[in-house]
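Listed below are the structures to be examined.
Both of the next two complexes hold chain A, though its partner changes from chain B to chain C.
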Partner chain A sequence: MLQVAGLGKRFALGHGATLHALADVGFNVQPGEALGIVGESGCGKTTLSRIIARLADASDGSVQFDGTNIAAIPAARFARDPRRSAIQLVFQDATDSLNPRFTAAQAIAEPLRRLRGLRGAALAARVAECAALTGLPGELLSRYPHQLSGGQKARVGIARAIAPEPRLLVLDEPTSALDVSVQAVVLQLLAELRTRLGLTYLFVSHDLNVVRLLCDRVMVMYLGRIAEIGRANAVFDHPAHPYTRALAAAIPTGEAQRNRALPEGEPMSPVNPDPHTCRFASRCAQAMPRCREAYPPLLPGSAAPGHLAACHLLAPTG
Partner chain B sequence: MTLLDVDRLSVEFATRAGTVRALDQVSLSLTRGEILGVVGESGSGKSVTAYAVMRLLDPAARITGGRIGFEAQSLLDLPERAMRELRGNELAMVFQSPRTALNPIRTVGRQLADVLTAHRGLGARAAAERAVALLAEVRIPDPERRASAYPFELSGGMCQRVMIALALAGRPRLLIADEPTTGLDVTVQAAVLDLIATLVRRDRMGCLFITHDLLLAAELCDRIAVMHAGQVVEVASAATLFAAPRHPYTARLVATAPRRGSSIAGLRPIPGSLPDLRAADLPACRYLARCERALPHCATTPLPDAGEEGHVLRCHNPL
Partner chain C sequence: MSLSFSANAWHVLRGNPATLAGALICGGFALLAVVGPWLAPYDPMATSAALSLRPPSAAHWFGTDQVGRDMLSRVLVATRLDLGIAISATLLSFTLGLVLGGAAGWLGGWVDRAVGRVNDTLMAFPLFVLAMGIVAALGNSITNIIWATAVVNLPFYARVARAEVNVRREAGFVEAARLAGNGSAGVLFRHLIPNALPPMMVQVSLNLGFAILNAASLSFIGLGVRPPTPEWGIMVSEGAALVLSGQWWAALFPGLALMLAVFGFNLLGDGLRDLVDPRRRT
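For the complex of A and B:
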């Protein structure tokens, strides 16, 4: 359904400095699949999701969606593209992403008017249908965001995203602003909608416990590059990249932790990085001279099919 | 020996929309060298408790009952001047968003030196040297150079380490950390938690660790107090609370947090939401409307102080 290849995004900072937010990112997503994208702040996961959702333009590379390279269509023009309704976004904080002057019903109706041209009774019917799908009681539809709870706002954000019948939903930290009990409800809703509507998810999150719960596959990013990708169980239970191992060790488990191996030092700068150096080398306890001579290719991370990691340690010895 | 003893503390806030009864008879105690987690959803009163101990509550707040004992002193009876003396010396607090809590137009070294001059009476030279030593203590690499950095030049994790260094500058006996790792990446979060744990044990401080994340609290804390709608509902060792929660709310919190081995269908969301704390007819147990085990007298009979030694359980019908 989605084939991303060689995707890169650079931001010019002036004075000849360039920030490399994404470099050489490539992966596929099958229809109906949920791919989790995890990594620390600044790793490029939000930039990547914005490019795929066509809110930002890539510097290079392609995004094939249903056989068309949508990365070639400028983001401004994609807003009026018929495929706009096929890819929708759920934003991080529903409080910030909902228009405070729109009622819940208006918020859900807006994409239907603009992308589907619905008006009148047909519009009202579809709004009611989407509210029902997301478990939003009808009497809340006339309320403004400030009159809704965090969980209700999250439902409005999801109802709005599914309204124009997308096939791909890009979710950018949809539960990070919610309390655990509300988070559980929203996660269950997302899981249910995915099956019921046959949606494909690109799920961006820093919460690895949540990603593990909702996603079939996971992609770990580090400073704009793919560190590791594979089935969620393979990646979390048998992490192959030293960075993924550190991430997995840092996941809160509820048990007292002692002597966990955490990466030392600071991440290297994404400004004018040396393309021949592994970007994790500065914090990696197992860094070798080779890590500073050539950027490691994606190599099989375990026997599990499709489990790949960008690390020289995985290269056959010799 | 008890370091902090919060005893039946009640706090109200006067608002235009009515009086919010934010804390209802909150009791907590903490000994030296111990980390006590205070866990609850937003609106549970965990931060209000922390701010009450620091006596930094909003002017709209009114303490309507209870006392706060800190060693031999009763904090609520101290004049403001004596309280200011304690803050920054014996009592220190680490806030949620370090970047907004730090002064943006002063280097971190200068901010540390300011505290050392004000609270420990050090001269300029000695304060500057001690500031660098404190930065090294919170494991900031290259502390001499970082001392002359402004907060915007440092990462979020580094800023939080600076906040911890500021809190430690007065050699506190009680450290209050209010969601110190919210917004930090997991690996950075883990490192900051390890740092807090090491320092608390080393200096035999007491630490009140406030978080909404039960899993995080269980990793770091010796004991955990669970709060709901301004009431402490259960206090027990972290291991007990996880393995055998007895308050229905605690049990739900444990079952609703995603962790290794849990499944989407297995998550058990907590029904309902927090009661309106402005309501005149709040039931004795504020969890009543959400509780599956509620009994008729839960609405009227004051919460019991049940439970075995070291286990506080405020429920009429526990698991």
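For the complex of A and C:
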């Protein structure tokens, strides 16, 4: 369904400095699958989700959606593309993503009007249907965002995203701005919607437990590159990349935690990075001279099929 | 939203006595602007040497001027012209400011710089001197007074509109609007400009008062509406010379009308903003 290849995004900072937000990112997503994208702040998760949702343009690479390279269509023009309704996004901050002058019903109705051409009774019926699907009580539909709670605003955001019947839903940390008590309910809702509507998810998060719960596969990113990708169980149970191991060790489990291998040192700067150095080398306890000579290719991380990690430690010859 | 507009207007007015007073004053003037010519007891242009400079009396409530015209009739009839100039000029600068400022804030780049420099240039002049210059250059007509008043106020609207659009151009709801199939113009006109309206309305209320004063001031110095047309600024100007000789009424009543109108517009202030801001609704 989605084939991403060689995706890169650079921001010119002036004075010859270039920020490499994404470099050589490639992965596939099957229909109905949920791919989790994890990594720390600034690792390129949000940039990647914005490019795939066609809100931003890539510097290089391609995004094949149903066989068409949608990365070749400028983001400004994609708004009127017939595929616009097929890819929708749920925003991180529901409050910021809702126009303060639109009622909940108007917010959900907008993509239906513009993308589906619905009007009148058909429009009202579909708005009510989407509200019901997301568990938003009908009497809240006439309210403005400032009259809704955080969880209700999140539901409006989700209802708006599923309204034009997308096939791919990009979720950019949809629960990170919510109270913990509301988070679980919203995650439950997202899991239900996925099976009910047969949606494909691209789930961006920094919460590993959430990703493990909701996603079939996981992609770990570090400074704009893929560190590790594979089935969620394979990646979390047998992390192959030192960065993933550190992330997995940092998951709070409630038990007393010894031997926590937390990375030390400063992360490399994403500005003008040396293309021949592993980007994690500066924080890696197992860094070898080779890590500063060549960027490691994606190598099989375990016996599990499709489990890959970008680390020289996995190379057969060491 | 339309269903609750009158209910909302009532809610805004009831919660804010100053706005209510402003609305009553402005409503009164608006009514006078419409029916003033029929209410006027005398022909505002009819002169009479015998009635020259009569003090206020039962027959002539506001007295008469030097050539014997009834001041009450003249003040009433002038309402339409003064209010008309102020409202047209304010509408004009509001619309132009919204479009220019909105484009500057949304498009950025050279459009933003060009609009910014025009604003700076206009604001570098003392406003009244600039208005005087425009009327002096273009000629003494009501259309030109309206344009002059609109142009001197334009930078204030353009700046507010630019700032309001600019702070929201990266907002989540703007991206959401793109996802919903809005092109650049759709995002600007359906999402960004409506959000710029509340602070623009405050500017409108302050500006209506300024516009009416500006037009009257132009007439006062002889650059605006020409005598014998009834207009508050001219009447104050004509009456001003008579105050020293004791005929205070010729300047006082048009001056009071002017003051009350400005006061009324300024009182509207925040209420006008609350009216267009759904966040003020409960």
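The criterion applied here is as follows: the second predicted complex is superposed on the first by the 315 of 318 C-alpha atoms of A that agree within 3 Å, B and C clash if a C-alpha of one lies under 4 Å from a C-alpha of the other, contacts with A are read in each partner's own complex, and residues count from 1 in each chain.
In the analysis below, a contact is a pair of C-beta atoms (placed from the backbone, for glycine too) under 8 Å apart; a residue touches a chain by one contact, two chains touch by 3 or more.
Because the structure is a prediction, the values reported are computed rather than measured.
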So, after the overlay on chain A, do chain B and chain C clash or fit? They fit
| First, second, both or neither for A:181, with chain B first and chain C second | first
Quick one: is A:114 in contact with chain B, with chain C, with both, or with neither? Answer first, second, both or neither.
second
Notebook entry, point to check: Who does A:149 touch here: chain B (first), chain C (second), both, or neither?
Noted result: first
Ask   = Once the shared chain is lined up, is A:69 touching chain B (first), chain C (second), both, or neither of them?
value = neither
Quick one: classify A:251 as touching chain B (first), chain C (second), both or neither.
-> first
For A:89, is the partner it touches chain B (first), chain C (second), both, or none of the two (neither)?
second
Is A:30 in contact with chain B, with chain C, with both, or with neither (first, second, both, neither)?
neither
First (chain B), second (chain C), both or neither: which does A:210 touch? first
Three-chain overlay: angle at chain A's Cα centre between chain B and chain C, nearest 10 degrees, stands at 80
Once superposed, chain B sits from chain C at a minimum Cα distance (Å) of 12
Residue overlap on chain A between the chain B interface and the chain C interface none
Listed in rising order, chain B residues that touch chain A in their complex are 41-42, 141, 155-156, 158, 185-191, 194, 212-216, 218-220, 238, 242, 252-253, 256-260, 262-265, 267-270, 273
Residue set of chain A touching chain C in the complex reads 53, 55, 75-76, 79-80, 84-85, 88-89, 91-93, 96-103, 107, 110-111, 114-115, 144, 146-147, 157, 160-161, 164
As the complex stands, chain C meets chain A at residues 1, 171-173, 175-184, 186, 191, 194-195, 278-279, 281-282
In the complex, the residues of chain A that touch chain B are 40-41, 149, 151, 179-185, 187-188, 191, 206-210, 212-214, 246-247, 249-257, 260, 262-263, 265-266
